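Chain nomenclature is as follows: A, B, C and D, assigned in order of appearance, with residue numbering initiated at 1 for each chain independently.
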């Protein structure tokens, strides 16, 4: 159980860090990065809590797998929008 | 026979790991880009190859042998190519920036 | 036991290059540090796979190695587009 | 010793994430993020989730890193106006409280696991022996279908916004042998992951991401020229996955009366067919998300 506790701490640390950066930073790229870190932190938390007696639950694993793929699509869409906003600002 | 293989495997892995440690230290401490690159490429080719060889001795199964060999080839290849590209850019433009 | 210790050492080697990633000073240094961290994770997976008697970790190491090659190339190639 | 390993790994994850988010140097933050992704994947392996670790290594570290790098030089750095110290202290306090509360809540949550028993009970009839693949493509296949739809929506958004293509650059004569080895390796590894996904860690998402990595090497090395024709073919392949999955859903409805309930005994064939098409389609989608679509004149649309 102790090693799960270690990863729970790491996951919640990532969530806190990403939250802090999202709230204080104005740079678009760093905001998208923070969003990714937030999602990764939640993934670790989810999987660490899904683990008991040496086995990891398959249903949360499938959720997180889905989440990772959706996250990359969201990242691409956000970056495309951010590029568009920046180029509009130029004109 | 198995104990001999185990001793050989452990020795090789230890050598590989110390290679990696020294390379990491080199990348951290060496003074300029090209000498750091030198440390990196040694770790990529020699360090990982030694570790994989040691692991192959300890495991001794043909399918894991194949996978380990492919790992070594890929990492060495990417180390060579990336190193070459970084050095080229560094020499021709002063820096990548 | 020895293998667990070796896995720990490999992880130390992976993390030891990170100061270079932070202090730089040039982009090339940072790419070198990232590349070494990639090699370090592959090595860690191999040693862990030997220690844990689970060959599935070797497959994971292979995936890591392939992706390390791709992302290293992306770093160098996309770096130069700004020139 | 393995406890020390876990502690060092967890520390490394948080440390690299802090380094990635704490700097304003673009290369440093993206390189830091890529290393964070690798270390997170390593800790997912330690948490007993190798399927997720493979996907995180391939997508989280590899493709997201490439995407961010593509945009790094196109986005202007925001004006470096720092928010006042008092604001930052308040936000930091809230963040620390949030982390603490989250850790406490997750750690003390009642641990009665509901799903493992259900999954292992029905695993024999799912057609595959890897529980994660069974959940993704049999028990909750409907979710996966919708996920592909979400990916497609993101693709359409990127098409509408139409960011510029990344320009291929001349990288020198070592690129050709590099691509000659890495690209076939990617294709081979994708096939291997797809095939073994039925019994051990692997599957359509991981295979698709690896295949997309291979295509990325071709694009970045300047071996594939992005003509509009090629891009529309890519779009067709991307759509094919969604279409095949939807047709499969409807035909299972016709055959068994329930959406995505595969006919008895044939589940493995169905799952493998769907996964094979999904792999190609996911690879195409990820590539198109990376390289963007051509901007067409308005009267042409």
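Everything below uses one rule, namely that a residue touches a chain if its C-beta (ideal position, glycine included) is under 8 Å from a C-beta of that chain, and two chains touch if they have at least 3 such contacts.
Predicted model, so just to flag it, every value in this text is computed and none were measured.
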Taking each chain's C-alpha mean as its centre, the one farthest from subunit D: B
Field: Higher-contact pair (C-beta pairs counted), A-D versus B-D
entry: A-D
Task: Calculate how many whole Å lie between the centre of subunit A and the centre of subunit D, each centre taken as the average of the chain's C-alpha atoms.
output: 12
- request: Quick one: report the Å distance separating subunit A from subunit B, using the average Cα coordinate of each chain.
  value: 31
Task: Could you grab the centroid distance between subunit B and subunit D? Build each centroid from C-alpha atoms only and quote it in angstrom.
output: 27
- prompt: Just curious, how far off is subunit D from subunit C if you go by their C-alpha centres, in Å?
  reply: 19
- request: Among the residues of subunit D, pick out those that touch two or more other chains and give their numbers.
  value: 2, 70, 72, 171, 178, 182, 185
Task: Provide the list of subunit A residues touching at least two other chains, using ranges where the numbers run on.
output: none
Message: Residues touching two or more other chains, restricted to subunit B: which are they?
response: 70, 74, 77-78, 81, 85
- prompt: Among all the chains shown, which pairs meet the touch rule set out at the top?
  reply: A-D, B-C, B-D, C-D
Query: What residues on subunit A touch subunit D, complex-wise?
result: 2-21, 23-30, 32-34, 36-37, 40, 43-45, 47-52, 54-62, 64-66, 68-77, 79-84, 86-87, 89
- line: Listed in rising order, the residues of subunit D that touch subunit A in the complex are 2-3, 6-7, 10-11, 13-14, 17-18, 20-21, 24, 26, 29-30, 33, 36-37, 40, 43-44, 46-49, 51-52, 55-56, 59-60, 63-64, 67-68, 70-72, 74-79, 81, 83, 87-88, 91-92, 94-96, 98-100, 102-103, 106-107, 109, 111, 113, 115-116, 119, 131-132, 134-136, 140, 143-144, 147, 150-151, 154-155, 157-158, 161-164, 203, 205, 282, 285-286, 289-290, 292
Field: subunit C partner contacts - residues on subunit B that touch it in the complex
entry: 10, 13-14, 16-18, 20-21, 23-25, 27-28, 33, 36-37, 40, 43-44, 47-48, 51-52, 54-55, 58-59, 61, 63-64, 67-68, 70-71, 74-75, 77-79, 81-82, 85-86, 89-90, 93, 95-97
Partner subunit B, residues of subunit D touching it in the complex: 171-172, 174-175, 177-178, 181-182, 185
Complex interface listing, subunit C residues touching subunit B: 2-3, 6, 9-10, 12-14, 16-17, 19-20, 26-29, 31-33, 35-36, 39-40, 42-43, 46-47, 49-50, 55, 58-59, 61-62, 65-66, 68-69, 72-73, 75-76, 79-80, 83
